[in-house]
């Protein structure tokens, strides 16, 4: 009774500490907006600039310091789409990115869980070895990687972009850390009840990992979507290019078609931003799965 | 560390020779088999595409090789040369300085931003997307923007400084300032990455713990320090390790802005090795540099993980 | 995590050792595969072009140049049924070398690749890059001497000719007429000297309007170095001695050149120092920079409203300029492929065809005979500024040393120039350092 009354008193305090899925939405303007609005503008600055460039004419972009265009050249977006096989590249990039995301979610979950919960011979060393592959710059290993990919017959195919990236040490490491923060009692209870390890992972553990899984999905998507150097050397046929590689068509050594390049880049980043906004829903803890029950 | 208890042996089936079956069954049910089973797809892929290329290219570090003609075996000469190379020592100092600035600043700033974004407000989804935008933006766009903002003659930052009475600074063209400009640029560019990871972690903190502390009379700051911060330990460890590994391999942002200059003031290790391989055609030396860097990062990571083992508490 | 467990460590170490052995063997085997093909260009015994295969050409052309290249290749394919040429955009030319190196190492290289002239000396060490000298000699009517001397110097390494000129250019003085008019300065002439140049830059600099007389690319890259070399040669100095064994840049002539840069950038403050991102052109368009030392490639990026003029560079002792030829290299993918690739390239740089290409793109002619063809007048009408650039080719009498250590030499010199321009070193100091570094680079050799 006393606790409940105290809780009532402190409701406003608690309310400000709660996550978005908590009870009752905060109403009215908060002082936080004064900080968040300028910060957001600062962060969004490159995109604002990219947009301004995308709707300018080419001569307007060739002046410095930059200034606003006289008229909005919406046609640049259409031109970027039509003068190059943009739709083809978009399809390629989507295939590569989605396949990598699925692969990562599946394999990194399994491996991360193994490293977090299961003690197995060589596990510690294997984990360190996986981390170690992050410690060598790509420029050093790109030629041997190309040789291996060629040996597998994947050069100049989308497979060359997907297969080496079905798993990332980032995903394994991140998920391992998050698996370890979950209370192990629930999993033990499930095992005692006869569930298999795999079943426990899928039915009990993963539903509590929505936010980290969403993070792995977002970052994998981002990295595969924007990857330039590896596709540059692994893909030789234009019809198999991904968007960053294709957009380089607007960028010569001495001459860059800035409006088309920026228009194309903005269009290519749009799917990712949409995914990010949508994925926000998994950054919200659902009441039912929080904490320890029973 | 979480104590994982093995599930008890399955109930003995009737009329089965007890000892032999249970050892096999125990093995099948064991953590070892399960562990390898779960991890093997990932490990196979990483062995083929991660480990193999690294091992393969180690051989290159023992050669004088310009990637065009047959390499000549020179043993440890590349490594000896490295030890005597003042420019390499300089690049190591720069890289360590950069990482020592980038990692702590990123972690503190991103934690603050995550806390700010972890609340119910109008437009919160928009704010979160905004903070993630620099991560999405291409490095080239980012570079052009920063070079313009910090332009010595026409940049907005200098205009603002002049209004405050501070003389014009050369920023990216000043050997004493360029590296710090890169720090600012990369902190800004990577902030969203750390923020969403912290946001994910903040979601995982059970409300009950926070409420209980509030009921007990703790102030908001104490709640943060005593309840939330320790629970963010595993995430912070992850970010420290991961951001360090990345910071020590800084390359892209240097390539699109200063290219190691002015006057080698931003010549970080990976840029130095890129020059050796693709500008000076000395891939053997470049690979040797890469492996010394690798060893350094490996040692640092092990130290960080050992410290983490001591100070980071996982709920069990 | 069990990293401390000894038993696990031993197991892991054994596994790793096994892995190393396996791949060490594989790698040793692998790296020798880059030299299996014997150069088939050595004898004039190339088969006749044909056979119905495909010749792949990698390039980095964009925009107008790309459309033109595609069109010309299509025309060749239409009139040459013997084989097909596939032209592939391989990304920005800045990546061309990296991409070719990687492709060669992986064994899947194109037949023809566009490469910067600065890459020639090192590409020549590859047994897979075809030595074109004998092939050119065996091709009737090819006429190697018809190409400008600067191009021939750029593609010849140790007596081997490893590329066919794709593009030639040089540095000339491009200036904004309106700014000259406003400041009341007479336009540059053929007889300008360094003194004229420096005083014009001073008069055209206006700190309050943030306007500068000259712009210089100051990122310590080849872009920084080659402009300095033009100055050095104008002072009649040399970078290296005749047999490329010692540096000669630390000389009275080198000092004159370096001092001019110092005087203009540090004393007069009349130079905008570009950080390598091409901003100088945007400033030129905005009327903030009055003079540029640049090449024809930048002309197409000058906005329509800007009235500009072109003149040869000012002189100290000579009006020397520097040329930056780029080349097509041929890769040895078998005798028939080489024969086909040569057939195409030979057609592509024949006088009439290349002149037509120039008319489409604004490129400079690569052969002297192109200037005698009737269509040349059409070319000049379309690109009046190019007339000076073509005439200026005669001033490109010296070339950068085509030795494998040039990139390192360039880096050392680039640092020296950058330090002087930033006011961080005195000219003599910088030259001393550069001279020493260059000598030790040459001594170490490669």
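When the chains are written out, they are named A, B and C in that same order, and each has its own residue count from 1.
Methods note: contacts are C-beta pairs under 8 Å (C-beta built on N, C-alpha and C of every residue); 3 or more make two chains touch, one makes a residue touch a chain.
Since we're looking at a predicted model, the values are computed, not measured.
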Pair of chains joined by the greatest number of C-beta pairs in contact: A-B
Most remote chain, CA-based centroid, reference being chain A: C
Approximate Å spacing (C-alpha centroids) for the pair chain A, chain B: 15
Between chain C and chain A, distance of the C-alpha-averaged centres to the nearest whole Å: 39
Euclidean distance of C-alpha centroids - chain B vs chain C, Å: 37
Where chain A touches two or more other chains at once, by residue number: 64-65, 115, 119, 121, 123, 126, 128-129, 142-144, 147
Residue numbers of chain C (touch at least two other chains): 1, 3, 27, 30, 98, 105, 279, 288
In chain B, residues with contacts to at least two other chains: 51-52, 56-57, 67, 151, 154, 278, 302
List of chain A residues in touch with chain C within their complex: 59, 62-65, 115, 119, 121-129, 142-144, 146-147, 150, 155-156, 232-233, 236-238, 245, 248-257
Complex contact set, residues of chain B against chain C: 51-52, 55-60, 63, 65-71, 143-144, 147, 151-154, 170, 172-175, 257-264, 275, 278-282, 302, 305, 309
Chain B partner contacts - residues on chain A that touch it in the complex: 3, 6-7, 10, 13-14, 16-20, 22, 25-26, 29-30, 32-33, 35-36, 39-47, 49-50, 64-66, 107-108, 110-111, 113-121, 123, 126, 128-137, 139-145, 147-148, 163-164, 166-167, 169-170, 172-174, 177-178, 180-184, 188, 191-192, 197-198, 201, 208, 211-212, 214-215, 218-219, 222, 226, 244, 262, 265, 269, 272-273, 276-277, 280, 283-285, 290-292
Residues of chain C touching chain B in the complex: 1, 3, 19-20, 23-24, 26-28, 30-32, 34-35, 97-98, 101, 104-105, 122-123, 125-129, 210, 218-221, 272-273, 275-277, 279, 288, 404, 407-408, 411, 415, 418-419, 422, 424, 446
Residues on chain C engaged by chain A in the complex (per definition of touch): 1-5, 7-9, 11-12, 15-16, 27, 30, 60-63, 65-66, 88-95, 98-99, 102-103, 105-108, 110, 278-279, 281-283, 285-286, 288, 297-298, 300-301, 303-305
